[in-house]
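Heads up, there are several structures right after this.
Same chain, two partners: chain A is paired with chain B first, then with chain C.
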Partner chain A sequence: MTNVYTLLKITDKLTLQFGSDPTGRFFLCLVTIMWILVGIYAQKYKEHQKHNARFFTFYILTWVMLASLTMAANYLTMYLCFEFMTLLSMPLVLHNGTPESIAAAKKYLFYSIFGATLGLMGMFFVNTYGTTLAFTAGGVLDPAKIAGHETLILWVAFLSIAGFGAKAGLFPLHAWLPTAHPVAPAPASAVLSGCITKAGVLCIIRLVYQIYGVQLLRGTWVQMALIILALITVFMGSMMAFGEDLMKKRFAFSTVSQVSYVLLGVFTMNETALLGALLHAAYHSIIKDGLFLCAGTIIFWTHKEHVSEMKGLGRKMPVTFGSLAIFSLGLVGIPPFAGFLSKWYLASGSLSEGLPVLSWLAPAILLLSALLTAGYLFPICIHGFFPAEGEPEAEGKEGSALMLVPILILAAATVLIGIFASPLKDALQAAAATMF
Partner chain B sequence: MNFVQNIPALSILLLMFCGIVCLVLPARWARHLADCAIALVCAASVVLWVAFLRGQEVFTYSMGEIGAPFGNELRAGMLEAAAATLFSAVTLLSILGGRAHLRADIGKKKVNLYYISVLFLLCSMLALVYTNDLFTAYVFVEINTITACGIVMSKEDGYTLAASMRYFIMSLIGSGLFLIAVSILYALTGHLLMSNIQEEVAALYASGQYRAPLQVSIALMGVGLSLKSALWPFSSWLPDAHSSASASSSAMLSGLVLKSFIFLLVKVFYRVVGVTIIPTHAILDLLLVFGILGMIMGSVNALFERDIKRMLAYSSIGQIGYIFCGIGLGTIAGVAAAMVQIAVHACTKAMLFCAAGGLMDASGGSKKFKDLEGAGRRDTYAGVAFIVGTLSMIGIPFFGGFITKLSLVTAAVEVGGWRNTLSILAIIVSTILTAIYYINVLAIIFRGAETGPTTAREKLREQWKKQMRLDTEYELAIVLFILLNLAIGLQSDRLMDVIRTGLAMFG
Partner chain C sequence: MNGIAILIVIMLPILGGALLPLLDFDARKARMYYVMAIVLATSVLCLSLISGSEGTQFVLYHLTSTIDIAFRIDRFGSVFALLVSVLWPLSTLYAFEYMSHSHKRNRFFGFFTMSFGITLGVAFSGNLITMYLFYELLTLSTLPLITHDGSREAKVAGVKYLVYSIAGATAAFIGMIAVLTRGGSLEFNVIGLGSAVTEANRNFLDAAFLFMFFGFGVKAALFPLHGWLPTAGVAPTPVTALLHAVAVVKSGVFAIGRVVYYTYDAGYLAGSIVQKVALWFAAFTIVYGTVMAWKELHFKKRLAYSTVSNLSYILFAFLLATPQGLTAGLLHMIFHGLMKIALFFVAGAVMHQSGKTYVTELGGFAKAMPISFGVFTIASVALIGVPPLCGFLSKYAIAVAAVDEGSVSGYLGIAALLISAVFTSMYLLTIVVKAYFPGEGFDPASLKDVKEANWYMTLPLIALAVLMIVLGCLPGGLTQFIAGTLADAFPGL
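Coming up: the complex of A and B.
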């Protein structure tokens, strides 16, 4: 952490501190760009909904908290921003005001607060057993103090990491995602899925590498358990997405699965895997925002929410469905699109780690899940462009540059970042290296 | 003798004297006199506190210069001074915050009686804080009970009568148990002054004589006082009494009265029984378990409540559980955490009750959630107060509630075994439940005002505008409450120092 700035002080350890490091800056840039693009898109989408002043107020406030979270320099500040981000993003979920959306917002709140409370308890323990709460590569726990309490500390580490995993949709705290995303307005689901889940990832990176430390966790049951949870989530998310007809819910399950790819990389705990994780975080943000914006466009013009109703729609909305196809290819990870490189690093990182069974099981599950991803994304485009014989002509139209331009920018990014990956890769490699 | 040493006795006597004078004054003057007396006591307590910070030693004050073991003593240290400041400040703010309601709720003829009750209530709480004599403590426990019922009953409707009768009966059982315990201790030791009893108790423990009656009397005191401070299974009287009373009465009852008995309980444990003996007594485990159950059950009940004042009352039961959890850990750090919680909860809950009064005003006097929609926008001060209260209850850093949780978990970590695991789990569960029902309230009071003016809502708004003029005092009280909460959150280091020093002076 450089440029650390202390804003408020409770005690010498408990301070409100902001600073920046390469990882934080990367996430800051990522979420800010996404927020701007989705914000532009929302300027058109807002015709579809009421209470826009309220929506944009909370939209901006959520970004402020998310940006603060990326710049948090210690555990306390991170927790503070995390909690406020939850509270301020909740109105985005319940924006439509229907009973389902209110129930979904409550569910979101319950899972997030549950996770954050586990994180808070973790902080109390770190405050007792650590030298500081400031993020330090290699961890902050004091070996003299934890001697004899290793079991306890491992449990604390496991629970607090899994707690923040609620935001990232880590099994078993993933259930809010598929409930909250479909009911939120499309711009809100885009940033919830693309950016806010990444806040959970960032918190977990901070905890694993800069609070508890890789030395403490590597090779323990905690690492095993977390990797297993991530793998379960990857597989389960894909399976659920595969069987889901409601388009936004399908994408939400896909998010559950894809964010756990990132977490898998984080939990593997070596530089290659972490690089893969950061890359995948960026790619998934771009692609999933794009997918949700496409879904929003379709709903905006046709009010169709189910995949089965979209047959033949691609001919009426070629730009949207074309972008959808690009995003699908990217998410499946077909070279040269964006998703390929990250999965490559994730798999090779996992293979080089040498954990029993999991080392090879992880790449296998990644592969299987990629197949499933193809299975739940490609049919949308295929049926969109090539409806079966005798299908009635679909109603729909394309329009509004405000909606199409952000989607096209994201689609272009998916292709270009895939082909010209090295600047991003080098930057993230440097960021990953600072974590060890 | 230093002048500040007179402050404890003078505060108690001043409040009593003003209470009596209130009886013969016109209502308006009674009100002013009560305000001034409480403000004066608050200022004097601050002076005493500052004197301790500047190095004043702990002192005992013999009433009428009759020395121990026969006389009646007050004993003051850092913690007592801080508690007196807290109690008088929160009483003052509660009266200010609920003034509009007092006018509406209390008949013209009852105004004097109300202020007499308030003055005597504060007087008895300060006496419980300062006294070093068990029997005096008992007397003031009774005064406390009677005046507390008085301020509940002063709002004249059927509910408050029934509620205060229940409260009265439960309270009397509690003080009866306490009295029995005091008699047993007197019979065993021949003393009523706390310090003298402690010497005798230590001697009795060392010799092994009368072990059973000693244990019983300690247990009776614990049970009696926890009954009066609404520890969970004994808390059935609380929701009715606290929710039916006028806003400032509820604020004082929930914020302070319960705490004064807990303060006495800590005093009994650490000054009468002694820090070496009490950790071995099973009563602590009992209090811990019931505290933990209270944390959870209070929150669960609050979760299903659809009446804002009853919800706050159930929330109090949960928060009282935190205090007992801290005491039940049986370490000094645990008691310190309990003390922090006393301060935090006194400020937060009193603020929330005053704000609930504001919300009710803005909604035509209804306490039901369905009528409160949008009330937080009509009365912004109450809305902000609820936001602050919620953030504090969730445990967001820089608010008071965070400090409670921090000190409680830190205390629990240091204790080994099942106490550790159980209390931390309970804190997690209760934090989550608390967060949910408070955020639920926020969602209700901020929702719906935009949905276009209906006639009923317009009417409410008109009513509210008329009442606005009365409410500078209310606004001032809410702002000061919020500042108090933030001050605890931001200056927790100093607060913890005060509490630790105070506890060291305690025994």
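Coming up: the complex of A and C.
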């Protein structure tokens, strides 16, 4: 961490500190760009909803907390930002005010707080067994102090990492995500799925690489267990998305699956895999925000929410469905679209790590999940553009520039970042290197 | 001289309160000025005593050669005295408005003021016997406050309170006598049991400890002795807030702290089986209280169960029998006082302004009572333990103390704390969500008669919110003050 700024010294050990490092800066740029694009989109979408002042207040406050989270320089600050981000994003989920959305918001809230509480438990132990709470490459635990307490520390590491995994939709704390993301207004769903899940990822990166340290975790049952959880999530999320007809819910299940690709890379604990994870975090943010904005546009103009209702709609909304096609190709990982490269690094990172069974099982599951991804995304576009014979003419029209421009920018990014991959890749490679 | 000052600070509110029915004020204002003057004078005097006269000891008279009525100002008692002398004036102000339509206000404020002096008596007692005396008096002086509205329900609650409290105090008394018979000292200036601890006495002293632990545990609402507390919620809100979240219940906690660190000592308890048993009960109560609070829909009862849970946080910390445990427990004693009294004040304000008593009826209230629910939100988030609000610090301190202590019972307690944090968010934030986001189908016209309470009620709320934030961010002075107890309780440190 450089440029560390101490905001408040609560006690000698507990301080609110912010600083910047390449990984934090990457996440900061990513979420800020997404927030702006989705914010522009929301200027049109807001005609669809009430209480806009409230919506945008919490929209901005959530960004403030998320941005602070990316710059948090120690465990306490990160925990604080994490909790407040949960509290301030909750009103976005219940914005529609329906009983389902309020129930979903509570589910989101309590899952997140449960996860954060497990995360907090880690801090109790790091306080005693570590030298500092500040993020330090290689970890902060004091080998002299943990000698004889390895079992305890590993359990603590496992539980606290899995706890922050709640935000990233890691099995078994994923259940809130498919409930909460679809009921929120489309702009909120987009940033929830695309960005806020990444806050969970960032917290986990901090814990694995800068608190517990790769040295401690590599090769232990904790690493195995976390990889297994991530693989279960990848597969399960894809399967669930495949069987889901409600479009936003399908995308939410897809998020469950895709964010665990990122986590898989984080848990593999080598530079290649971490590079893949960071790349995938960027790609998934861009693509998933795009997908949710497309879904929002369709709902905005046609009120159609189910995939099965969209037959022939592509002919009325060619730009939206065209973008949807690009996002689908990207998420499946077909070169040269964004989404290919990250999976490549994830798979090769996993293979080079040499963990028994998991090293080759992980790429196999990634491949299988990619097939499922194709299975749940392609039919939307295919039926959209090529309805079966005899289908009645679909109703629908293409939207305003405010909605289309952000979608087109995201679609262009999906193509361009895929083709001209090196600048981002080089930057993230440097960021990943600082973690070791 | 300072010995007399202790007597004055204790007797001023007791006599002042006792005289109130005789003075029989008709005018509301006159009574208000009189009560406020006494309470403020006591608080100021008490704070100056705490800051200037530490170490003062004073024996009023000797009952026998081993039993005397004695007073002492030490840091442990000062922390408790500090808490009550800050909160009493705030609660009194709140009570003026809350009780403005009640009957028999002279009686109410009389006992309310007397309880202040008696609580200070608990804080400044110099030995267990003196403390026991004030402890019993506190039961008696608060009884008429519980039964104040005269309903059948209130009388039943009063009897229940009386039976529980007296039974508990009796058990504790047996424990005290047992310690005396084996040659232990009940004076607080003597740390530990000294030569009374022998191999032969050990089991006997263990039993005596459990008698005192469970005896005082009644007021500390330890499971399964907590039953009186939720029932006592029928009392007027200033009573539930101040006495059943701070003064009375914390007297129980405070007494157990005295027993653990002063009558016995950390060395005696650390690692013993009685410590384990006590820790398990505390850990279980933490979880039990929090789950019951979550299931409860009556607003004040929900908060009462939350108190049950939080009191055991403090007990748990004390029972760790380590320096960190002692300071963490005291920190939570202060912070829980601030947070819980604020929550109760909001519940009371809602009742006072709208008559609503169930959490399910609070849809949209935040718009009608913005200050109250703003403070409620802050207090809720603080109680869940989100930094930089005060509740985080004390929970953190307790958990770290348990990690440092390093026993299985300690880890069990950490688990209980974490479970409780999640449930706390569930039973408090559902209220917040309901009040701020009633959802579609909510009719704003249904609340058009509900208004924010006047400044008598909102000023204490705002003051509490400020304290929660400021002490959460800058706890340095307070933690240093609390750390002063260590010199006493851990002389070897």
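To be clear about the criterion, the second predicted complex is superposed on the first by the 436 of 436 C-alpha atoms of A that agree within 3 Å, B and C clash if a C-alpha of one lies under 4 Å from a C-alpha of the other, contacts with A are read in each partner's own complex, and residues count from 1 in each chain.
One rule holds for everything that comes next: a residue touches a chain if its C-beta (ideal position, glycine included) is under 8 Å from a C-beta of that chain, and two chains touch if they have at least 3 such contacts.
Note that the coordinates shown come from a computational prediction; the quantities given were computed from them, not determined experimentally.
On the shared subunit chain A, the superposed partners chain B and chain C overlap sterically.
By the touch criterion defined above, A:128 lies against chain B and chain C together after alignment on the C-alpha atoms of chain A. Contact with chain C, but none with chain B, is seen for A:98 once the two complexes are overlaid on the shared chain. Shared-chain residue A:16: touches chain B and chain C both. In the superposition on chain A, contact is made by A:80 with both chain B and chain C. In the superposed pair of complexes, A:239 makes contact with neither chain B nor chain C. In the three-chain superposition model, chain A touches both chain B and chain C at residues 8, 10-11, 14, 16, 76, 79-80, 83-84, 87, 90, 94, 102, 106, 109-110, 113-114, 117-118, 120-121, 124-125, 127-128. Residues 381, 384-388, 393, 396, 399-400, 402-404, 414, 418, 421-422, 425-426, 429-430, 433, 436-440, 472-476, 479 of chain C are the ones touching chain A in the complex. Those residues of chain A whose C-beta lies close enough to touch chain C in the complex are 8, 10-11, 14, 16, 76, 79-80, 83-84, 87, 90-91, 94, 96-99, 101-102, 105-106, 109-110, 113-114, 117-118, 120-121, 123-125, 127-128. The part of chain A that touches chain B in the complex is made up of residues 8, 10-11, 14, 16, 51, 54, 76, 79-80, 83-84, 87, 90, 94, 102, 106, 109-110, 113-114, 117-118, 120-121, 124-125, 127-128. Of all residues in chain B, those touching chain A in their complex are 394-398, 403, 405-406, 409-410, 413-414, 424, 427-428, 431-432, 435-436, 439-440, 443, 450, 489-490, 492-493.
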